[in-house]
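Order as written gives the chain letters A, B, C, D and E; numbering starts at 1 within each chain.
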Amino acid sequence: MKRLHQIVSELLASGKAKLVIGYEKGTGEKRRPAFISDANEVERLVFDSQCSHNLSVYLTKPEYKHVTEIAVFATPQTMRAVVRLAGENQFQDKKLSFIVMDQDQNALLIEGAEVLANHLGKEKIALSSAQEELLAKFEAMSREERFAYWKEQLSNCVKCYACRAACPMCYCTRCTVEVNQPQWISVPSSLQGNFEYHIMRAMHMAGRCVDCGSCEAACPLGLPLNIITRRMIKDIEASLGPDIVSMDTKSVLNTFQPNDKENFIR
Amino acid sequence: MARIGVFICHCGENIGGTVDCNKVAKSAESFDGVVFSTDYKYMCSDPGQTLIKQAIAEHKLTGVVVGACSPRMHEPTFRKTCSEAGVNGYMCEMANLREHCSWVHEKGEATTNKATDLVRMLVGKVKNNKPLSPIKVPVSKTALVIGGGIAGIQTSLDIANAGHKVVLIEKQPSIGGHMSQLSETFPTLDCSQCILTPRMVEVAQHPNIELITYAELESLDGFIGNFKARIRKKAKSIDEKLCTGCGMCTTKCPTKKIPGEFNEKLGNRTAIYVPFPQAVPNKPVIDKNNCTYYQKGKCRICEKFCPTQAIRFDQPDEIVERSIGAVVVATGFEVKGTDFFPEYGYGKYADVITGLQFERLASASGPTLGEIRRPSDGKIPEKIVFLACAGSRDPAKGIKYCSKICCMYTAKHAMLYKHKVHHGDAYVFYMDIRAAGKMYDEFTRRAIEEDEVKYIRGRVSRIYEKNGKLIVKGADTLLGAMPVEVEADMVVLATASVAHNDAADLAQKLHVSYDENNFFVEAHPKLKPVETNTAGIFLAGACQSPRDIPETVAMASGAASKILGLFSQNELTREPVVAVVNRAAPPLFSTCAGCFMCQSVCPYQAIEKEEIKNRAGETIKTVAKVNPGLCQGCGTCVAFCRSKSIDIQGFSNEQMVEEVFALLNND
Amino acid sequence: MSKNMSVAVYPGCSLNGSSREYMESLRAVLNALEIPVNEVDDWNCCGASAAHNIDQDMAVALPSRILAQTAKDGYSNLLVPCAACYNRLKHVQQEIKTSPEIRQKASVLLNQEINTPDTIVNILEYLQSTVMPRLEGKTLKPVSKKVACYYGCLLVRPKGISDEKQIEDPQGMDQIMASLGAEPVSWAFKTECCGAGFSVSNTTTVARLSSEILIDAADRGAEAIIVACPMCHSNLDMRRREIEKYSGRKFDIPVLYITQAIGLALGIPAKKLGLQRHFVPVKI
Amino acid sequence: MENNIKVVAFVCNWCTYAGADLTGTSRIKYSSDVKIVRFPCTGRIDFMLLMKAFAEGADGIIVSGCHPNDCHYTSGNFHARRRWIVFKSVLETFGIDTRRIQFSWVSAAEGAKWAEIVNTTVERIKELGPYTEYRELAGVEAP
Amino acid sequence: MSHHSETSNSFTKKLAASTGVEINRCYQCGKCSAGCPMSVEMDMPPSLVIRHLQTNDEKLVQKAVQSHAIWLCLSCETCLCRCPMEIETAKVMDYLREEALRTNQVNPKARKIVAFHKSFLSSVKNNGRLFEIGLVLKYKLASGDLLKDMVLAPSMFLKGKLHLWPERVKTKIKLHKGSNTVH
């Protein structure tokens, strides 16, 4: 923890970071995001295996629009999100530095999203056995069972859009949900509106989701949102090739291969 | 509030036969927004159109739906009618009641109901249409022609003679291209230089043509009518204004042993050289790779002898910019060298030469002053073997296509040889004689019948050298594939015509597509052979695929005529069906989130970045902007944009959703 | 070629029988350079032209068994000095790798699982990559002779599968002989066929084809012909009388294996190189 | 077998719309349960429009455009194909009945193929019956 | 003579199924016949053999199967090396030879060549390796060419080139012609 505080203080002192977004002790063993901008609060910061929030979500929030030099604690998921966001030109006017934990758990300073991209290994983040199990169970379901499953699950959804707020990739100034000319997503809280919203959210995550689980964690009703994204990532990899995280704006839905494989177009 | 008029056409019996047009018109009256609805026997006829105009005036209509044939047929007609009556053309839509309804369904209530649904669908759309006016784009009336061969020369002259400016750039020190290397041309055997040189001089002296040789295209930006071309003028190390072309430097230059490109390496040239006597411009350039001064810093003899002190060793490459309205690619082709053929000796045997090299031997200004002499010992060959289809029609060598011109020039070569060496023996190993032009087949028959050239139908498997002779091992498939061996003094390979090796780079600079053989791809093989998919860029000559001189000249004039059509108006008008990125009041300025992932979706590179600045000039936000000149209105970006910030005029999100609503809510 | 010096060698029937001197000279050279020689355990005949001419099952089964035996002993590289065996094994390895049906057919025929070493090594590639570098240090007895390097047809084929890049004018042997002090002659019959398997059943053809080869070599002033294939050697050497009868010309140009030439350069006595087994006496 | 079903066809203007015109000029009869909506290109067809169509009462959807490499805008259909691959997988995750959507390539010269695709799709949708299951979602109260 | 009869189970289809070679690609350029060392001795040079097969005509295909040429082929693969359409003529020749044996239409001129191949294979089947003396004896019996190389044999023996007894492979090679051997 000494090394960590030392890096943060230097960053603040040198002005390389006007704001440091990290973690601090929450209730009990939990951790919660911390926003430090003056030196003597550095002691509050902590960075250990308990920290799971994807802090990159704050980098595109309007509240921090005018802060250019920001330092962020980066878990592997956060790193993947930052690299993709950089690829989508979201950090044009930002000077970012990152604090990551290397293999033997001591803090490492990385300056700039490009450097982070190279630091990011190719290896994918493995799913936990529970997640694998749930996915397999879901995969085995028939179409009718799946429709019934989501009818049951989505009947709880109140469209509070916490999942949208928690997701680092959802940074649009105005979301399609708010478009009323034409009214893409039907407004009354009906199952149809919920289906339309969650299908749209999945499509907007195609080739972009970094599988950090923030959406499911944020859902007040605990809906199994990650089944949707994880199954989509698996399907896209099977049909269109590996899901590589890079700074390239070219992603799944804005490029093509002349010989993309499919078996349903006549 | 929308005041829409619905006009149902019977189209004689074509629609009336199976659809109750009167009933459709009646039920259309009840649609929301419709204030007038009628039906008529022939809506597209003159009375029909006047009926529409009267209704527009009488009911002060703001939108029109015509239920008749396919919009692909009469949409322009009815849109013109509406605009003449004061309603913007784009407020008029057509419902396809004929091809998509009356002609394909049985007579009956279901068909009439479907017709009503289709009309309701288009009424829903028109309610959301907005008046649009065609996009006007200024046109700068200067054409850029890339490549100074016969194709580039012909195009430039046609455009210049029509009074427009042309910038003609050529990579070599002189224009003329491959045609200037030819001895005589088929099928009339008139001398290539005699018919080409006057054209070259005409280009050099034409007031409307700016000729820049030893230059290549550095980059091309912008769009049809408004291109910005940056041209790299490679340093000639000569001050062209002072140089009189006296040639003193080329005689005094001590480095004389450089294999000349013009003579296909059969003759030598000096380091400071003029490619050939009739070169245009007739001024030398210094070949930096072989000039002793550039390589070792010594010599400078040419500088000493130059009467007008025109040598400039320190001359740098120069980038010049021109604003261009249209581009013609006329970069021509190359021929494969003899080293491309393992089974014919990997280019090791000096007396195995290419067709172009034979042209240089046969040419009066060539290294042997027109006498057919073998490169190895200068002897006149008693027996020559010509190989047609060398490398062409050969997928194993990666060249699937037929090079089209070799049958003709091989017959010509054989004929020229027999005319110059009467007692000589000429063999031609051929696959098929493809001589399909005017007077072409007669020409090859002359070679066979009068000049007694021995044509053998079969491909040569191997050539090797044995005590000064070239053993050619072929077969005669007309004699039961019997092996045939000829001991020749010289062998001429009619090697495949291929694209230049830098054709792909040029295509990428121009955003023009090219095929697997690196030939440029035309917009439509039959109906748009001289255009490309990129508006404002045209093709002429063999850069599109191998072709002979007559076809090249015809194609060049074709490309020129397309440009003259473009330059005939001061402004370019284009369909207003283009995408637009929404704008909003500050501080939002636009809902575009600036991810710019739409840029890689656009096939026309029409989406640019626009920096929104405040009064102090600082960039507040960078958002997407569609260039109406480049956008062709496909809408792929609209369906991609996650935040629905881009919409397309004529097929907007509201219009399409409204169509689907109207179509399905028929109760 | 792989770092590990030890490589499995597949001699084949000719190198064990009528062309023993090829194997003897190879073994002598490798021993002189302390390179271990391990033959494929219990190897069988590859079937050569007979199998693939008249019996497709044997044509696949025999080479597959050799590959399986080599893989069983854990070798990833298999050196095949004989050009005909090299060609057959390369063909079958390619078929096994690309077509599951043929691999399945082979395993059914041999009633065992078929797997294959990674690479089948051409003798010239092996000599250039592993043997020649070791000669640098040694003082060589220069083979100062004008030699015609004769590759034959199968050593450099089939196109696309064999490792030869310059299939119509190979340079492998020429380079080796040049570094041994010899003067390789440029001639036109490097890869023309010598008559291959017809030595017994159609000797006149062998005489015709081999005469053309010898005539061209002699006319170019070659003092020896260097080969790397037992069939080429036996046709050009053993059938010399038929060649002279057919062509009406006398040739006393000896035919040497590339490995014998290297052996001579290393100063290995002629007897150990099997030179005495030749029909045309070798006077070096 | 339910027979009054509604099928919407989203087609591209340059190929399939012209193909449907050709079906008309060749007087090839096909089911009148399909109504065609014209788009400039398949690249313009938004996946949310398909959801709107189901929500508004469509029982089946046909989406058709130019064959790969034929696109008037060179790459619209390639992008469309990729979207349909992803969209079909997402719909299957949610249990939406993708048998009710028929994707196809129909060129301007394939009038007969268009009629055949319409007829076979309408046949299949009639067997599946109206897609009430999805439409009823609108009625189901979420909290 | 019906030329070019097109039947679904045409010869070219069977050939393609078995060898993977599409002989319809051949446009009769003659390069294989030009380069083939054996063309001069053949009654039907390679390109002519392919031409016969392309017709799919029973009698013409039979003429190719009965030809002497297919037995004179050395499998030196010069034809594949130089064929512009990359047709593996050597594989086609293998197929035709097997067809000739199967339908016993072997050209009588090729008696000796077939005898040699058969003796070669029987020696390999017995020992797993070639026993050269056994091969020559079997060949002489089969071909009736008793005096062949009588002079050569002793000097080969003196030069140690002939083993007197066969070398055998430890495990005898027995091919399991299982029912599902894929042809």
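As a working rule, a residue touches a chain if its C-beta (ideal position, glycine included) is under 8 Å from a C-beta of that chain, and two chains touch if they have at least 3 such contacts.
All figures in this text were calculated on a predicted structure; none of them were measured in a lab.
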Common touching chains of chain B and chain A: D
Each chain counted as touching chain B and chain C at once: E
Middle chain, criterion being Cα centroid separation: B
Distance between the centres, which are taken as Cα means, of chain D and chain A, whole angstrom: 34
Rounded Å distance between chain D and chain E, as computed from the means of their C-alpha atoms: 57
Chain A and chain E: spacing of chain centres that average the CA atoms, whole Å: 66
Averaged-CA centre spacing for the pair chain E and chain B, given as whole angstrom: 52
Residues of chain B touching at least two other chains: 343, 462, 601, 640, 653, 657
Residue numbers of chain C (touch at least two other chains): 167-168
Per-residue overlap in chain E, given as positions that touch at least 2 other chains: 78, 81
Chain pairs in mutual contact under the definition given at the outset: A-B, A-D, B-C, B-D, B-E, C-E
Contacting residues of chain E [partner chain C, same complex]: 37-38, 41, 72, 74-78, 80-81, 94, 97-98, 101, 112-118, 120-121, 124-125, 128-130, 132, 136, 139, 143, 148-149, 152, 155-156, 159-163, 167, 169-171, 173, 175-178, 180-183
Touch list for chain B against partner chain C, complex: 342-343, 345-346, 348, 462, 464-467, 471
Chain B contact footprint on chain D (complex, rising order): 6, 8, 13, 17-18, 20-21, 23-25, 27-30, 32, 35-41, 43-47, 49, 52-53, 56-58, 72-76, 79-80, 83, 115
Chain B contact footprint on chain C (complex, rising order): 166-169, 188, 216, 219
Chain A - residues contacting chain D, complex: 141, 143-151, 154-159, 176, 184, 186, 189-196, 198-200, 202-203, 206-207, 227-228, 231-232, 235-236, 239-240, 252-256, 258, 260, 262, 264-266
